[in-house]
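Given below, in the form of structure tokens, are the structures.
First subunit A sits with subunit B, and in the next complex the same chain sits with subunit C.
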Partner chain A sequence: MAVSALSRWAREAPVPVFVAIGDGMRERVERLFCDPGIERAATPRHAAILLIAGRMRLEDREDLRRLHDQMPHPRATLLWDAKVGEALGDAEIFSGGTLESDKDAGEAVRDHLERLWQDLASGERPSEPDLLHDEPPNPWEGIGPHGQGGKGMMGGTPYGRPMAMTSDDLRDGLALDTYTARFGPFLPMFPPGLLLEMTLQGDVIQAAKVLRPPLSQKAEENAPAALSRLARLLDLLGLPALGQRTRLAVAGDRSSSTLEKLGRAIRWSGAMLAIPPGLGAVEGQGDLSARLNDLLAVAGGSSPATRPELPESAHLSSLLPGLEWSEAMLVLNSFDDKTLSMLAMVMDEPDEERDGHDHDGDHMRHDHGGHHDHGGSHHEHGRHQGEGGQGGHGDYGSHQGHDPHGSHGGHT
Partner chain B sequence: MEIVPWIIIIGVLSVLWIRGVHSVQRSATAPQQIPFLGGGTPDTHAWQRYHIRYYSMTLLFIAFEMEMMFMYPWAVVFVEEGGKAMMEMGMFLAILSIGIVYAWREGLFRWQ
Partner chain C sequence: MMELIAVLLLLVFLSMGFAGAALADGMLPALIAGQARSSWRRPIAEAARLLTTQRIRTEAPDALLWFLAPTLYLALAIVGLAVIPFGPGLVTIPSEVGIVVWGSCEALTIVAVFMFGWSANAPLPLIGAYRYVAIALPAMLLSMFVLIGAALPAESLAFTEIVEAQRTVWNVVRQPAGLILFLMLGLAISLRGPFDYAGPEDLAGGTTADVSGPSLLAWKVARLAMLVSVSAVTATAFLGGYLGPLLPGFVWLALKTALVLIALVAAGNFFARMPPARMMGVIWTMLLPLSFLMLLAVGTELLLWG
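This part shows the complex of A and B:
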């Protein structure tokens, strides 16, 4: 009884959907999520339905399969004009080509999502099986004296991935663990399709490289596009209610009085004060607060400002390092689509990105051999502990022993 | 005693909770075990050491707070004890000021 009551309640709850946005679909997807009956989940872990909207690149399919497998059971997939072939197994397909307008298509998709969710919650529709193999990326079980996947305190590959190793921090030169990962292509706070390989220490970005450019959206830069960009920035600034108001203004009433009230509410929220001056400054484009002011002017009724062309040298790989994660997300979302696609061009760098960049404090990276040959450097750490008598502090001791600069003060 | 039923209830709940967490962890597949990166994959384990940037600020706060903690009772007995108490406080402040000098060297007083 209790279980059937729970499933009945679940059916009436908003549909938790994780969306992967493809070619030119962002506007339509954002309009879809204005509906209170559909909830945009921040991660696949919180979603029951994966919505794949728009055409995808061939190389994105593996990532889509991974997103699918990261959803808990019961789960379903809906392809909205996605054309990904058989990559997602036997997913539901919705094709909006036969419908007359965008609005009709949006409503049809919403109905489709709700029907899927009700079938899932009542158990009428079976959950979709895994698409990827359930295997760790590297073998690890049974290796090492306790079967933990490694030899020393820091070595090995527990759960199939090597442990992080130290390298110099950009800000103050402390040698701390680096975390290199490919972020995107369907991270909700990223422009859809953008895949960045970033190296982080804590929340500070040390290096960034564009692996795949963002998928092209509708390129025209008009007032609705500027307003939806403003809504995304407001969400990132921690003002989701104002973001939602902006989105509703985009979808419906764009009269001057509504926009005026909205602009006033945003100014009074103090969002501008939260942005440090000079953040994300690009020659000719101003800094982040200048770009946000432009957007607010659009919200106030003036036409979008035209900025001069980007300088050749401007690129995300030089713009993002040194920023904290939250700042970097604001900067990424503050450009219009055309500017961003120029900033995020894939560059064929000579093969030196592993060993060093042109910023200070990288001279120690080669000491540790990057993050790929963990085996070798782990053994060194282990030897240091054994012979050097660094004390019982394990990795902290060997860490200090490795630091060729002796103190932190020397870097500042 | 009224505490016994509470102990039993909390015990049963925690056993259920631990079993629940355990079963979720065991049923997580390899793709579910990696952090959510929007479809991307990490190179390394997520277990890592990172810089707590407020660390030196905390150190400075504790240095000044300890000073205050000792100064209040010291002020009460200072008149009775006289010069001896004065010397003791001088030693105490000298030790604490080493911490402050260290924080100074770390560049803590340079506001950016």
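This part shows the complex of A and C:
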């Protein structure tokens, strides 16, 4: 009785959706979340439905499967024009190809999500089982006095999980713990598809390497695109309500009075004051506050500014180190799609690829064999060892170049 | 007898405050976003959803601390509220050192949040946890100076005396900047908006990034309870607590608390959050000296005219 009352209430809740955005789908997905009945979950742990929107790369499929397994039960998956083959098992499929316009497709997807949630909450639809085997990527292979892997009590990769190890801080040379891990490709605050291997010391980025570039979005730089970017920056600045207001303006009423009021609210929020001067400066692109100012000018009615071409040397691997995590996330989200794709090109480092060296090789070296794929969910009930439950970042430290599917024979 | 009534009042106050906080927290952001007003049923529906969701275990978590953290947080909120007088002599824990009790609740909140982020055994929650410690520590330090400024006129550390000392003039008149500083602490202690360094968007939920189902619900409940608590303390220390004409003291306190609570929820949605290093600089170099100055001003005033 009590249970059925609970589930009756639960059906009324906004649909918690974690979304993995593929090729060219970001705009449409963001419009979907303008509906108050659908909530964008910050992590798969808070979601009940995994929405995979748009075409994915072959190598992203493994991460999607891991994402799926990180979600708590009851859970379901909806594929929206996603060509991922059988990778997600027997997920719901929605194809918008037959519909007239984007808008219709958005509404159809929304209805589909709501129906899925109703069925899940009422128990009519069974929760989806794990897709991956629940086991560590490799057995305990520690070295050192306590079998832990590295020196003393630190470092190494027991069970294939990299552990923190001391190393000098970039800024002041203090020896603190560094930790190398992969972040992406579907972290909600990352550009979709971007997979970075970062060495963190606390929350300061010591090194960053692009493993997979962001998936291309519609590169056209126009007012809606600029406003969407503004909305993402507002979210990161702790202003999700204003971010949502911006998204609503993008989707519907873009009249000058609405935008004027919005611009005023953003100025009053102290967003410009919150950003340290000179942060994320790139030659020709200005710093973060200059770029935010441009976006605010777009909200004020002027057309998006055109910036000169990027200098050849500009790249995320030189831009991000030295920044704190939250600063880095702001910087990552402040570029237009075209500029970002140039900044996030995968650098050709054939030697490193082959040997599986880390860029800062004296720690995090994987001494025991190549076959660890530290996936997010090889453990019972999607137990996971990962960075906050986001997609795909599970396989941190695994070597490039070996088959990521190798360590577990998936179901498909 | 009085204590028994106070306990009952505490329960009424907490549940009313909690319901109000949940509503305000659901409606204000929608209002600011210009979205359709959400129904009062929504928070209940979300709670029901979380209750029917599986609780996730990460790999090798610190299970005991993970379980205890929301409990501790909630307990701190209740203890903090228990030293607040609902009327003359109507206090659950009549303490001569109420401010110290509340101060320790503030300080231990840092521990609760750190425990919560630590025990998931995952990087993003951990980053959220120690980032919160770095910001919350100085924020609580300055709240102590502000509270001492409120205690000086009363010449007592008990909240009952502090309220009685405000019969002539409310503390907000004596130290208006103190109220602003204390509201900042309110944001920090209830993990909100510009001071939410534990669970922000840029960490994909930070300390809650690996928490699901009932545990997440417990954490949210504790956060809202702490919001009620800190609003009541603000109303008591700065806005005269239960003092007011005609209506009973309890009602006045509830009204003032509601006002502070709405102000806190609104501020949490209106103001931007700085990157932590910048915030740290602002707190240590600007806000802390400001709180010293406020203390000095109150002290001088009392010496000369008190």
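Simple rule for what comes next: the second predicted complex is superposed on the first by the 328 of 412 C-alpha atoms of A that agree within 3 Å, B and C clash if a C-alpha of one lies under 4 Å from a C-alpha of the other, contacts with A are read in each partner's own complex, and residues count from 1 in each chain.
Throughout what follows, a residue touches a chain if its C-beta (ideal position, glycine included) is under 8 Å from a C-beta of that chain, and two chains touch if they have at least 3 such contacts.
Source: prediction; values computed, not measured.
A.B. asks: With both complexes superposed on chain A, which partner does A:347 reach: first (subunit B), second (subunit C), both or neither?
C.D. replies: neither
A.B. asks: Regarding the shared-chain residue A:237, is it in contact with subunit B (first), subunit C (second), both, or neither?
C.D. replies: second
A.B. asks: May I ask you to decide whether A:63 touches subunit B, subunit C, both, or neither, giving the answer as first, second, both or neither?
C.D. replies: So A:63 only meets subunit B here.
A.B. asks: Check whether A:45 is in contact with subunit B, with subunit C, with both or with neither, and answer first, second, both or neither.
C.D. replies: both
A.B. asks: What is the contact status of A:188 with respect to subunit B (first) and subunit C (second): first, second, both, or neither?
C.D. replies: After superposing on A, A:188 lies in contact with both subunit B and subunit C.
A.B. asks: Determine, under the contact definition given at the top, whether A:36 touches first (subunit B), second (subunit C), both, or neither.
C.D. replies: So A:36 only meets subunit C here.
A.B. asks: Tell me which partner A:135 touches in the superposition: subunit B (first), subunit C (second), both or neither.
C.D. replies: first
A.B. asks: In the superposed model, does subunit B or subunit C contact more residues of subunit A?
C.D. replies: If we count touched residues of subunit A for both partners, the winner is C.
A.B. asks: Could you look at A:179 and tell me whether it touches subunit B, subunit C, both or neither (first, second, both, neither)?
C.D. replies: After superposition on chain A, A:179 lies in contact with both partners, subunit B and subunit C.
A.B. asks: Identify the residues of subunit A that lie in both the subunit B contact region and the subunit C contact region.
C.D. replies: On subunit A, the residues that contact subunit B in one structure and subunit C in the other are 43, 45, 70, 72, 161, 179, 181, 187-188, 202-203.
A.B. asks: Looking at the complex, which residues from subunit A come into contact with subunit C?
C.D. replies: Where subunit A meets subunit C, its residues are 3, 6-14, 16, 36, 42-43, 45-46, 48, 70, 72-74, 121, 161, 179, 181, 187-189, 200, 202-203, 235-242, 244-245, 248, 265, 268-271, 273-276, 279, 324-327, 329-330, 379-390.
A.B. asks: Enumerate the contact residues on subunit A facing subunit B in the complex.
C.D. replies: Going by the criterion above, the answer is residues 20, 43-45, 60, 62-64, 66-67, 69-70, 72, 130, 132-137, 158-166, 169, 172, 174, 176-188, 190, 195, 201-204, 371-372, 408-409, 412.
A.B. asks: In their complex, what parts of subunit B are in touch with subunit A?
C.D. replies: Residue list for subunit B touching subunit A: 29-33, 35-51, 53, 105-107.
A.B. asks: Hey, which residues of subunit C end up touching subunit A in the complex?
C.D. replies: Touch residues, subunit C against subunit A: 28-30, 32-36, 38, 41-42, 44-49, 51-60, 121-125, 127, 130-131, 193-194, 196, 200-206, 208-213, 216, 269-278.
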